[in-house]
Amino acid sequence: MSAIIIFTSVSIAQVILMIAMAISSVRMFYGPRAQDRIIGLDALYVNAMLLLVTFGIGTGRTVYFEAALVIGLLGFVSSVSLAKFLMRGEVIE
Amino acid sequence: MIYSAADVPVWAAAAIAFFLLFGALLALIGAIGFLRLPTFYERIHAPTLSTSWGTGGIMTASILFFSIAGGRLVAHEILIGIFITVTTPVTFMLLARAALHRDRVENHPDVPTRAELVVSTIQDRASDEKGA
Amino acid sequence: MELVLAIAIGIMTSCGVWLILRPRTYQVIIGLSLLSYAVNLFIFGVGGLKSDEPPLLVDGVAIETLTDPVPQALVLTAIVIGFATTALFLVVLLASRGLTGSDHVDGRSDRR
Amino acid sequence: MIELSHHLIVLPILIPLITGAVLLFIADRQRVLKALVSLTGTVALAAVALLLIGIVASENSFDGVYLLGNWASPFGIVLVIDKLSALMVALTAIMAVPVLAFSLARWHSAGAHFHSLYQFLLMGLNGAFLTGDLFNLFVFFEVMLAASYGLLLHGSGPLRVKAGMHYIAVNLAAALLFLIGVSLIYGTAGTLNMADLAARIPTIEPDRRMLMEAGAAVLGVAFLTKAGMWPLCFWLPSAYSVAAAPVAAIFTLMSKVGIYIILRLTTLLFSEGPSAGFGSDVLLYGGMATLAFGTIGVLASQALGRIGAYSVLVSSGTLLAVIGLDDSAAISGGLLYLLSSSLTLGAFFMLVELVERGQDAGASVLAVTMEAYGDADDEIPEEGEGVTMPGTLAVLGICFAACAILLSGLPPLSGFVAKFAMLSALIGTGSIGVPPTAPALAVVTLVILGGLATLIALTRAGIRTFWSSIEGTVPRVLVIEIVPVMLILALTAALTVKAGPALAFMEATIRGVTGPQAYIGAVEKTVPLPSWRDLQPSAKGD
Amino acid sequence: MFPYPLLTIALLVMWLLLNDFTLGHLLLGSIVAVFASWGMAALRPDKPKLRKWYLLPKLFAIVMVDVIRSNLAVSWVILRGRTRGHHASFINLPLDIDDPTALAVFAVIITSTPGSAWLEYDSRRRSVLIHVLDLIDEDEWRDQLKNRYEKLLLEIFS
Amino acid sequence: MALPFVGSILIALLLRTNSRLLPASVAGFIAATVAIATAALYPFVRNGGVVRFEAEWLPQLGVNLTLRMDGFAWMFAMLVAIIGLMVVLYARYYMSEDDPVPRFFSFLLAFMGSMLGIVVSGNVILLAVFWELTSLSSFLLISYWHQNPAARDGARMALTVTATGGFCLLVGLLILGNIVGSYDLDAILAAGDQIKADPLYLTSLVLILLGAFTKSAQFPFHFWLPNAMAAPTPVSAYLHSATMVKAGVFLLVRLSPALSGTYEWFILVGLAGITTLVLGAYFAMFQQDLKGLLAYSTISHLGLITTLLSLGSPVATVAAIFHMMNHATFKASLFMAAGIIDHETGTRDMRRLSGLLRYLPITGRLAMIASAAMAGVPLLNGFLSKEMFFAEAVETHADSWLDTALPYLAVIASAFSVAYSLRFIHTVFFGPPPVDLPNPKPHEPPHWMRFPIEFLVVACLVVGIVPNFTIGPFLEVAAFSVLGESTPEYSLSIWHGFNIPLMMSLLALSMGIAIYVVFRDYFSRCDDGPPWFRHLRGQRIFERVLVTLSWRWARSLEGRLGTRNLQPQLRWVTFIGFMAALLPLYLSGFQPRMIAPSGVDAPFLGMWIVGGCLAIGTAYLAKYHRLAALVMLGGVGLIVCTTFVWLSAPDLAVTQLLVEIVTTVLILLGLRWLPKRANTLKDELTFRARFRRFRDFLLASICGVGMAFIAYAVMTMRVPDAIANFLLENAYTQGGGRNVVNVILVDFRGFDTLGEITVLGIVALTVYALLRRFRPASDSMAPPEQQRAQSVFDEQQPDRDVGDTVRDYLLVPSVIMQWLFPVVITLAIYIFIRGHDLPGGGFSAGLTMSIAFLLQYLAGGTRWAEERIRILPLHWMGSGLLVAAATGIGSWLLGYPFLTSHSRYLDLPLIGKVPAASAMLFDLGVFLLVVGSTVLILVALAHQSVRINRIRAIDESREEPS
């Protein structure tokens, strides 16, 4: 029973997160501004991270955690660089 | 080590399912908001749904699942929560500031210029002092 | 799964090939990146696709069910080398741009 | 315990690696120390290579398989030294010393980290020659390529950067094909070890084998790009002609890596069994096309550097066509030709720089890089230390003539001997009474035309360079620059005199590679040492 | 030796969360934590004057609750769609805190709370521009920001 | 025989001497020694004997240093040696002090050696070797005065023509070798019938004849010889009359037993010979240059010899050999005489020369005798052989029009030769004294300079008068060695009665005189070259053909078949890559198996719908929206990363993610230096552009489809016995790790990893080296517009300083990023340590560590970061490589191969068992290198912004004073 509950909820959560990712990627394509695209990427990262965690719950393994952890801690680095590039035209001054 | 969902009691499974769906739905709402809100400054509020309790919900679900299925506290998901909370604002702040800069360069009417802000700050300070 | 991944590889290959045939250096570098994604997934795929059978030895899990680790190791090497060459190509295109003043792959001056 | 001498096999890879790594600790300012370390490493490499070829040549029983990490053959990576790989390693090492010496006159200080890159290039070359594993081959290919990118760009300047970008782009694409090919082979044959692959081919069921062959073909495209087969070769003339002289000289070996691997793999995988003869037509006609294109290019070129670069194509085309003809006697001659043409072209590229130095053409490339902007971190020191040689022009002229004779295959130097050995096998006494085949005759014709074109082009260019210059400014050449050139040319002379034994060695080499059984047997019979882990059972488990 | 004790402890906790709670990892984690805090020391950041650090949990709790509340609020705004509309606006807020770390904490709190975003800080004027998604009563917002968070932060970072 | 080469080198070593005597003496000594040595061999060859010498060279290919001297070779060798000696003697006086004499004698001896080599080769390949050597030495000798353009061009032409012929000859000989099975001359000569019956006979014959004809200047390859007259006269005398040009006919004689006697031989050789004979003589009459006249005469005489050889009859062969000798003697002496005239008067133009007999009485008379021999006047040697020629000409050899026409043509050519001989003598030595000579006071040369002419003229006379007592026996021996048993009976006497040949001789003589008398005035006035053909000069045609062929056509072909642009190259690579995969499958009829696809996972499908769209979006936006393309590329990378997680590759996911991050930052760092590109300027789509796009689109599409097809085919294929099984089974028991991927990376295939990190290191070094020289394009020099706008803003605000905006902007982020520094370091260590058993490892850890550094650069800027953290990337890299290598070498000490890993569990107090594998140490090396390289690359790029400020400052300070 609990296996079914968990399996079902994980599956639904994954589909929902998938849809969220798809929506984020729409902004990545249409913008209209670079800022929107970058936030889209950031959102994509976060949603993907969540997806990975749900995947971990679904499989009952902790080995996929590291990927999520790396996104959580370092995923922002690329968006920060992009953001700084927008603001200053240069990433490292 | 592989944790089996069958080892989890039903109440816990229900709780896990709740947190999972709660988190996922927040993430989805955030995404929808991000898509639908009309201006950039409004749009940046939406994704924080998934970085705050969206993440929170799913991390809680994960902590519950692994701790209960494994029989001992597994809480490293907290770290993800903390990291996401600390790092996402950095991007958003920088992007918002960049947007502000560009809007000011383009003389966007809705965006306050620094001159206006200086005036309002002085007024505020004055009123604060009055209040004090 | 196989079909989905195969089509995905195909799409990335197409986009990558299209881009590396373009005249701007930036398009070429993006194309090479896309192509290396495609190729990495391709290498990864030759071992067969299995979900949730990572090649980690855990007591009680039959070895036969695990995913082939060799392609994974190859992909890791390929990722590293791909990263290195992307960095290199980037710098070379910068140098070319600096020396010729153009970002055309043949250093031609553009109609700007 | 294995004998210490067995470790010799891995040394051609390790010596340059360690030398290159040690060089990283030495600051650029300490040029002399850097040069000294680099030279020491290269000389040590040459010593090891000679030792190896000596062992391989003398003993038939030499156990030439090295199990890296003590893993049994198809599971780990093996290094295999047979006569062919020993020959290539020796060629590399022997070329490396004079070329490095040449670079010490000025080129090594034309940019940062020349010596490290040079050592890593040697490492890549040797690794590619020695490895018995397809993916490891990819890795060493990349080591070699990465180092070659660096070296090609050494000295910078618009010409080099443009050629470098094309070179890199094409080779990146080829590297991707390499990966596709290797992984297809793994996905269909389940192994990466070349010997194991050869042994498995007969047992693979048809549809897997078809896919495996497709993989091999894709892999072949990568090698052919490196070897410079038409129409995958357009990057080569530009890259080789703009590279710094010592770099171009050592690059001549790089196109031979492609040839070496094609020879190795065709003999190993496609010489018998169900896939026999796979791809040989492509090699034959591709080789002929390359030969023709190279010939046209040689004729069309005015600059000596481009003539040299197109000669590389001529050389590649000849070898590919000969391999495609699949005649072991001709391939033996081809090996001799490979040796001779590599040495000659190496010497030629260095010579070109010396010769053109008087004409300001080469100097202008340097001058571009000299654009100073305040930070003088790497200026190229003007030459002038040391005494210029007396009779410089005469010596240069003699060397040039020797190169022209060698490249065009005129008697009596090794260029002729090698071409003769090939042609003789294709139409000569090798097959009494059996008329030569039409493709063989076509190859012969192209080889002869190639030689003729080279002769015409080099005479034209040589006359213009040495005799027509009115002002007659004698280039200032240092002893350390001309002696390496002469040394390499002396080697070709030695090859001429000792042509008989040399050819005998080549024949033995080819006997060793035709028919995969010897190679497969050598690899299979090598078993790992009893494991350290097995010796200490207590350490097992957790 | 221990330049940032609080940081070192936090890192140790992080280590233990990542690995198992064993004696070995305690030891190893301590070494790693000390090593990493040396790395921090090398950066020579402006050292935060952390005074009442024990108030941090209180701040944390307040924020958690506020975040949940604003999560729901913002969700509502989004789901309601355009039909009803909302009132997005900029607020300029003069600040009393000037410690960089405190400012950072403040910024993180504001930004990670859905519905408000930290846009621009002006060091000369010591004021910050904040964007609010659905501004119903500006004074209430100001009040909440100043009294709920800034005051507490001022206490923590003297 | 090696002697001349030794001498050549010896003299080359004397290059610096100024003396003319020393090199000449050495050369003379060597020539004399050769002559004496050869003479000493006479007893051995006299009775049909053969002297052989063999040294091994290429035994496998049947080519050894086989020297073989029979009578014919002996005779030729004597000729080479004696005339060589004479020429050396002559040259010793001829060469001026200003010339680099040692070089001359060195080349001359080299030539002599090569020529002797041809003569005594007992192996046809060896013969070909010496053949080309004569071409080379001839080239060097003709271009001896290389400051003279004519000498250069003449030399080049001679080399091109003769070397081409040489190559043909070589192939022809190779085919002969194929027919006979040996390159040995004796074997080939013995296999005449076999050769003539072989289907390849004609091919071989044509190729060999091409060799012979080019060397012997037969029509239509004759044109190089007159141009070779730019050489010093001794060279002309020696090479271009007496010896080298004889090599061709020598070869014909040599191989005649094997090749001659067929109709093809007769037609090919005869046609060439007769044409050359007639045309050469005809052309010679109209030459104004003394040496030109002699050169064409030589051509004509060579044609005569060739014609004789075409006939195939034994007597004709004897006559040919005889005429070779005769021609050598009189033509050499005539050249030397011409050389003296040139030397004394300073010109060789017959229009300027006149009445020289009064100044050069002896030389003049010698020349007259030699000319008479050339014209075939009785009592001289030329008469005898020409008489034999006439006798053969009237006989029928092969029934054809050629045979019928031969006697008439022979007489006509002979008449021409009388005419030009007469002209030579009459113009130069008779008539009024010359006016305005460059050298107004010609006089007889030193006696020893004239001696060679005297010697040779005496030889002409003696042979002409008493042939049987002089040349007779030797000719007999030579003829016998060629013809063997079929050596004919022939008579060398002067008087055979009034027969047809004599009538022909007389007719020719009188016709020749008549021609000269009639056309005398025309000859003395006309331009150089014969009428009608004057403008059709071989040289010019040759040059034009060469230029067209080797220059224009080659260039246009090079352009057509090759490219110097990148796009076509990449198009080729992708196309051929596609074909390489497709063709084998198509040809073998491959069909993918349709296994039931393992159930499609909805999120996975969704992921790739997103991923595919992002990829297409990337391709679409990459041209005008670089940043957008980069963002979307990052999205694709993220999807790839989740795919790895989904499909059981957590290690790959982590690595991919980290690489993704670093790559994005890298490209952003680079984007700063690329030009701004606005999409307002759309390319106008010409038809060409449309077509190109369509083609590329097609190529991209088929590549994609093909790749998908193959990917699907291989993914659905199961390999039963892949090596993976072993690796999975032994990773823990033997490799000591539970993460099999990591065990493969650091143990099973650790060598790959060693190479891979080297690649990364190399690239970092290259990036660094290249960026040290980096100078941005002028439009990227200025600070980005955002920075400029912000600075302006700061300046305008009364209460702000420049830089305040950026300071405020980064205030909060930098605090956070600083605090993250130790956290990321901890994460890096964590990833590193767990790698062996769980996902992670040195590479991911290294990348994480470098991101930690990167963040500090981002937060505080380059200066700020470098004031605080001193990273020495090169040392990290060096240590990484050394640690990895040392770990590998460490196993040697235990007697194991490189990189054998050793693991054990250490029992530590309090902590318990701790795994300690040498593979961890190796992984440490990886870690160090990755950190070093990544940081070096990023920092080198980041530094450009700092550097640009410096450059800008310098530029500004430069501009200000001016």
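Per-chain residue numbering starts at 1, and chain names A, B, C, D, E and F are given in the order in which the chains are listed.
The rule is short, and it goes like this: a contact is a pair of C-beta atoms (placed from the backbone, for glycine too) under 8 Å apart; a residue touches a chain by one contact, two chains touch by 3 or more.
Just so it is clear, the model here is predicted, and its values are computed rather than measured.
Steps from subunit D to subunit E, minimised over paths through touching chains, total 2. Think of each touching pair as a link: the shortest run of links from subunit D to subunit F has 1 of them. For the criterion of most C-beta pairs in contact, the winning chain pair is D-F.
Look at the CA centroids: the one farthest from the centroid of subunit F belongs to E. Each chain gets one centre point, the mean of its Cα atoms, and the points for subunit A and subunit E are 22 Å apart. Remark: subunit A and subunit F have CA centroids separated by 60 Å (rounded to whole angstrom).
Centre-to-centre, using mean CA coordinates, subunit A is 12 Å away from subunit B. Contact with two or more other chains is made by residues 14, 18, 107-108, 118, 120, 122, 125 of subunit E. Subunit D has residues 135, 139, 142, 146, 149, 153, 156, 161, 165-166, 169, 173, 180, 183-184, 186-188, 192 in contact with two or more other chains. Touching two or more other chains at once are residues 564, 566, 570, 574, 630, 646, 650, 671, 707, 714-715, 722-724, 727, 749, 752, 756, 759, 762-763, 766, 770, 773, 775, 786, 790, 809, 812-813, 816-817, 820, 823, 838-839, 941 of subunit F.
Per the contact rule defined earlier, chains pair up in contact as A-B, A-C, A-F, B-C, B-E, B-F, C-D, C-F, D-F, E-F.
Of all the residues in subunit E, the ones that touch subunit F in their complex are 4, 7, 11, 14-15, 18-19, 22-24, 27-28, 32-33, 35-37, 39-40, 42-45, 100-101, 103-104, 107-108, 118, 120-125. Remark: subunit C residues 1-31, 33-34, 37-38, 40-42, 44-58, 63-64, 66-70, 72-73, 75-77, 79-88, 90-95, 97-103, 105-106, 110, 112 touch subunit F in the complex.
For subunit A in complex with subunit B, the touching residues are 1-3, 5-10, 12-14, 16-17, 19-21, 23-24, 26-27, 33, 35-36, 38-40, 42-43, 46-47, 49-50, 53-54, 56-57, 59-62, 65, 68-69, 72-73, 75-76, 79-80, 83-84, 86-87.
Of all residues in subunit F, only 799-800, 804, 807-809, 811-812, 815-816, 818-819, 821-823, 825-826, 829-830, 833-834, 852, 856, 868-869, 908, 910-912, 914 touch subunit E in the complex they form. Here subunit B touches subunit E in the complex through residues 26, 29-30, 32-33, 36-39, 41-42, 44-46, 48-49, 51-53, 75-76, 78-79, 85-86, 88-89, 92-93, 96-97, 100, 111-112, 114, 117-118, 120-121, 124-125, 128, going by the rule given at the top.
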